[in-house]
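Presented sequentially are two complexes of chain A, the first with chain B as partner and the second with chain C.
== the complex of A and B ==
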């Protein structure tokens, strides 16, 4: 048995060695050791401070574990996960998170693309405008929440007062009404991140091959045809990148929700992150909060995979690769 | 972009200008509240002819230990940035130059770490810090911020170094330069602008973050962002004072991003080209 396995491994082990011999001289063993020790600290650090807590969180999620009553800690298998789907508030948080992510990233993609097309022409004016447009993305998200909370209050807020006077929207204010609060949060997220989306798309637009665009113009294609048949297919990688980045961020939304509504009214704006923070760090329900965190990771991983597949598909259909 | 009419350019610029102004109005409102007397902040319609005053700034120095808050914010940002770069830049370089088939795997591993929601590791991390007695200190925040930021720096420098030719370093090595010498004297200077972008983003992330410090710091070690949150909702603190306090938490970053805009763009669009 051991004989067969060792002979089976032998040829595979030799191939890389042959490959290594044929490499240029400068890539020596000392170079390899050097690179290994350059990479090792960061890898170790992330394993200890990042991956180890994640593994612990995975482990805790199978326990009834509350810091206030540590003596009653008990292994309960998948009960925490089942509890999430049985709890109305948690189900609401899952739905809210998806609604928030899909709508807000969708709107950002649309408006971001429009903005990127407007800024495409390379000029000093556009560069300066872009620098100023990016200010919302650099402001502390916490402050963003505070600004809108102040502006939207129905009794004193600048926007809220006029809306209430004109009879638009709920009397108590847009952020304190269960029907509108989530939409307001979506709009705040759009305000904050659309310019960043535009920036990523703009970088994609600027790297498009000029001769292909020129050829389209020479062939007499209309602006709309050039956009749908040349620009859009070539932009797919950038669109994908922008979508992945923004989807991941939007799904983890916490700051602006926590500050403006705290998940209320009546769980109407509760998101997975807000729920997990409340459960874990205010009620010290470690097991349950860890389960919510793990479900969030699972959702994010699934969405990244789906996005990847969709873009591959679209790429094959349009570019025929 | 050949032959475009002046009229089209004019229309585009007007649109861009209008969008920019509308986007910046809320920020402008926040800034102006800090200079208004308390009774005029919410005057409707808003008045532009208010008598500017520095009262709000005087107030916040009475309510908060602004110096201590600033010191915490600076300590956390500086600590995080230095540690993240010390760990991340060499790692990004090594992964970009390595010929091991695991290099790409590790690069994507770092990217994936950044996608993980903060809360999933925050709770076990909180317990870990409690057990080793770092809870409530700047270090707790710096340690976890460094984890996320060094993952970002590694990925960013990985793609940056990969785009740089290796010839220079290999020439330096054959000329008898040491491995470390080739890294510090050849590779790092060539990647200067990528490193500046990393610094900008590390400072921005750690300065703006409030989830970690909210749970990991105490009254004496809390940074500006946490103070803003706790200040809000306290009765004797007006929106004007909040606006004044927000000056300290937003203006340094906004100015940095404006002046280093080229690097900001580079950092945000990294991996597109």
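== the complex of A and C ==
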């Protein structure tokens, strides 16, 4: 006869301990499990296409590993990283990448802000002007590079031919001279991406509280005072966003450089991504290319951190928080 | 009398009968077409021969029953894509057009089927005696083994403007020294007329053209020991001459020219002279793309004073992917034999492939009527050198190192000696 309680209710059988599976779940637990279950495909996707290749790239960077010479594969520790800093061409590529990024993004921020201020007032002309200004940003950088290469060619280029004939710049064309090539690429990048910078900053300007600006005006602040003491501090989050986005993008510049100069002349326009693609996809030097990729990630992370700290410090100094 | 037509067949009998007839026809077709049902996929360089290969596909199907799919791509894509396929042991392509300079890498990594035994077995069918030895050796073999079979050979020749030479009272240059002097004489920037043009673009373009001139001036990429000798005195001197030619006699934008830009410059009439692969020669007499129709002469390339006359030979072999199964390999070999057979290869060239490689083609009346420069190609092949670009596994890296160094010299960023010293140090690390 089975044991019953005084109330006649069958007592609950003692369940064996089976770990978290058998644990009674609260509503919060179930919800968490459900959310995890729903997110699992996305997490799996990120692991497969993001984290796993990244980890593999990190691992390969410690090997001398060339796909077309698999027999010579060997663990070499940090030698690939050391080789990058020992090689003149690679060092030049690092310097070029920083010069390109800092100059290009700096110019884009300045001119982008100017454009955003000009387009701030809501008018039909400004809306139409903005639409036209965004056209360069819709063209793929590879095509932009090809267009400028054709324009700047010394023999047939619409611009290059007349510049060469007028004796302006090098006789062989602006993209073929070590002194001018990188600057031309910076200007091409500015031409393409300044409107995007302006768009991000314009979105920030449009979201500024009108009452604060009105209060400044009512208190008799000059336009410059309103800009430096009201607009700029309030715009810091937008500036940070624009800078981070463009810095990360500019640091990975590849297409326009590859099709215009290929990194030359004499490595004057070589960048980390051009070097990585050449090593990885042209020579199948996977170990060395992985090391270049990892260094690029490290540099980008460092720059993003520095940017964050600078903006936070500026925020504290200006807004006192 | 009962007529056959009076018999009424049931519907089922009719269908069965028709099926039987169809089956018999298919069997007969299968016996007639040994490769019926087979599909061959070919990765081709986008040289002139690429389009002609695609054009010949229906004819190959007619002859053998096999379908031929030709995928045409540019040099960089072909190299990257096929190497990735070989490394991944995929069976994406049955046949691959192999540049002469890839032979070392193909042999070392066993990417392609070793055709040596098949070539020996089918020597009579291939009519090997009719193919120039330099082509058989350099376009197909590596260390005595066939990693591919030659199908598109090119001769390095001098293309020059007959009208400009006659007007200036100049003879066609026989030596490099004469060529430099003539180039200077024929340069007049005020008339947008330049004496010389060559590839200047960083990378393979400038490296390959300079290696050609370097060889003609007595230079060499490898030393007698097979190790890099990039900064030898001969190489430094030839690079200085190459720079001089660019600075004094080439169109200003030539430093950005690859093969296409160089050819375009010549066809537009801007340049008076250039060395080029024979494959481009038919284009000079095509009024649709050339401003210099009837004004171009083709001659053997000049060589340095005192240097033995050896002319550059290049081109493509057809390799069979070692990863595909035996049946596909056999079918691919059938295609190669068909393509290089005398009648088909003649048709291949008549259609504009520009890939002459048989001795009989040099005297063929039909071909001669269309391509009057064939005797120059014959002389080039008879004294040909297919190894002035070293066909070793490390060639791609050496080419890239030289491509950067020579371009840097042409841009004025560095002197020849310093550029080649640095290139030599990099090249040594590869060995």
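Observations on the structure shown:
Simple rule for what comes next: the second predicted complex is superposed on the first by the 287 of 321 C-alpha atoms of A that agree within 3 Å, B and C clash if a C-alpha of one lies under 4 Å from a C-alpha of the other, contacts with A are read in each partner's own complex, and residues count from 1 in each chain.
One rule holds in what follows: a contact is a pair of C-beta atoms (placed from the backbone, for glycine too) under 8 Å apart; a residue touches a chain by one contact, two chains touch by 3 or more.
The structure presented is a predicted model; accordingly, all values stated were derived computationally and were not measured.
A count of residues in chain A touched by chain B and by chain C gives the higher number to B. Of the two partner chains placed by the overlay, only chain C lies in contact with A:176; chain B stays clear of it.
Contacts of A:203 after superposition: chain B is touched, whereas chain C is not reached.
By the touch criterion stated above, A:112 is placed in contact with neither chain B nor chain C. By the touch criterion stated above, A:147 is placed in contact with chain B alone, chain C being left untouched. Contact with chain C, but none with chain B, is seen for A:68 once the two complexes are overlaid on the shared chain.
Residue contacts after overlaying the shared chain place A:216 against neither chain B nor chain C.
When both complexes are overlaid on chain A, the residue A:43 reaches chain B alone and has no touch with chain C.
By the document's definition of touching, of the two partners only chain C reaches A:262; chain B does not.
Shared contact residues of chain A, touching chain B in one structure and chain C in the other: 156-157, 281. Only residues 23-24, 26-27, 30-32, 34-36, 38-39, 41-43, 45-46, 49-54, 56-57, 60, 115, 118-121, 125-127, 129-136, 138-143, 146-148, 150-151, 156-158, 161-162, 191, 195-196, 199-200, 202-204, 207, 214, 217, 237-238, 241, 248, 251-252, 254-255, 259, 272-273, 276-277, 280-281, 286, 289-290, 292-294, 296-297, 300, 304 of chain A touch chain B when the two sit together in their complex. Partner chain A is touched in their complex by these residues of chain C: 76, 79-80, 83-84, 87, 105, 108-109, 201-203, 251-256, 265, 270, 393, 396-397, 400, 404, 407-408, 410-414, 422. Here chain B touches chain A in the complex through residues 1-2, 4, 9, 12-13, 15-17, 19-20, 23-24, 26-27, 29-30, 33, 42, 44, 46, 87-88, 90-91, 93-95, 97-99, 106, 109-110, 113, 115-128, 143-144, 146-148, 150-151, 154, 170, 173-174, 179-180, 183, 204, 207-208, 210-211, 215, 225, 228-229, 232, 239, 242, 246, 249-250, 253-254, 256-258, 261, 264-265, 268-269, 271-273, going by the rule given at the top. Those residues of chain A that touch chain C in the complex are listed here as 67-70, 88-89, 149, 153-157, 160, 164, 171-173, 175-178, 261-268, 278, 281-284.
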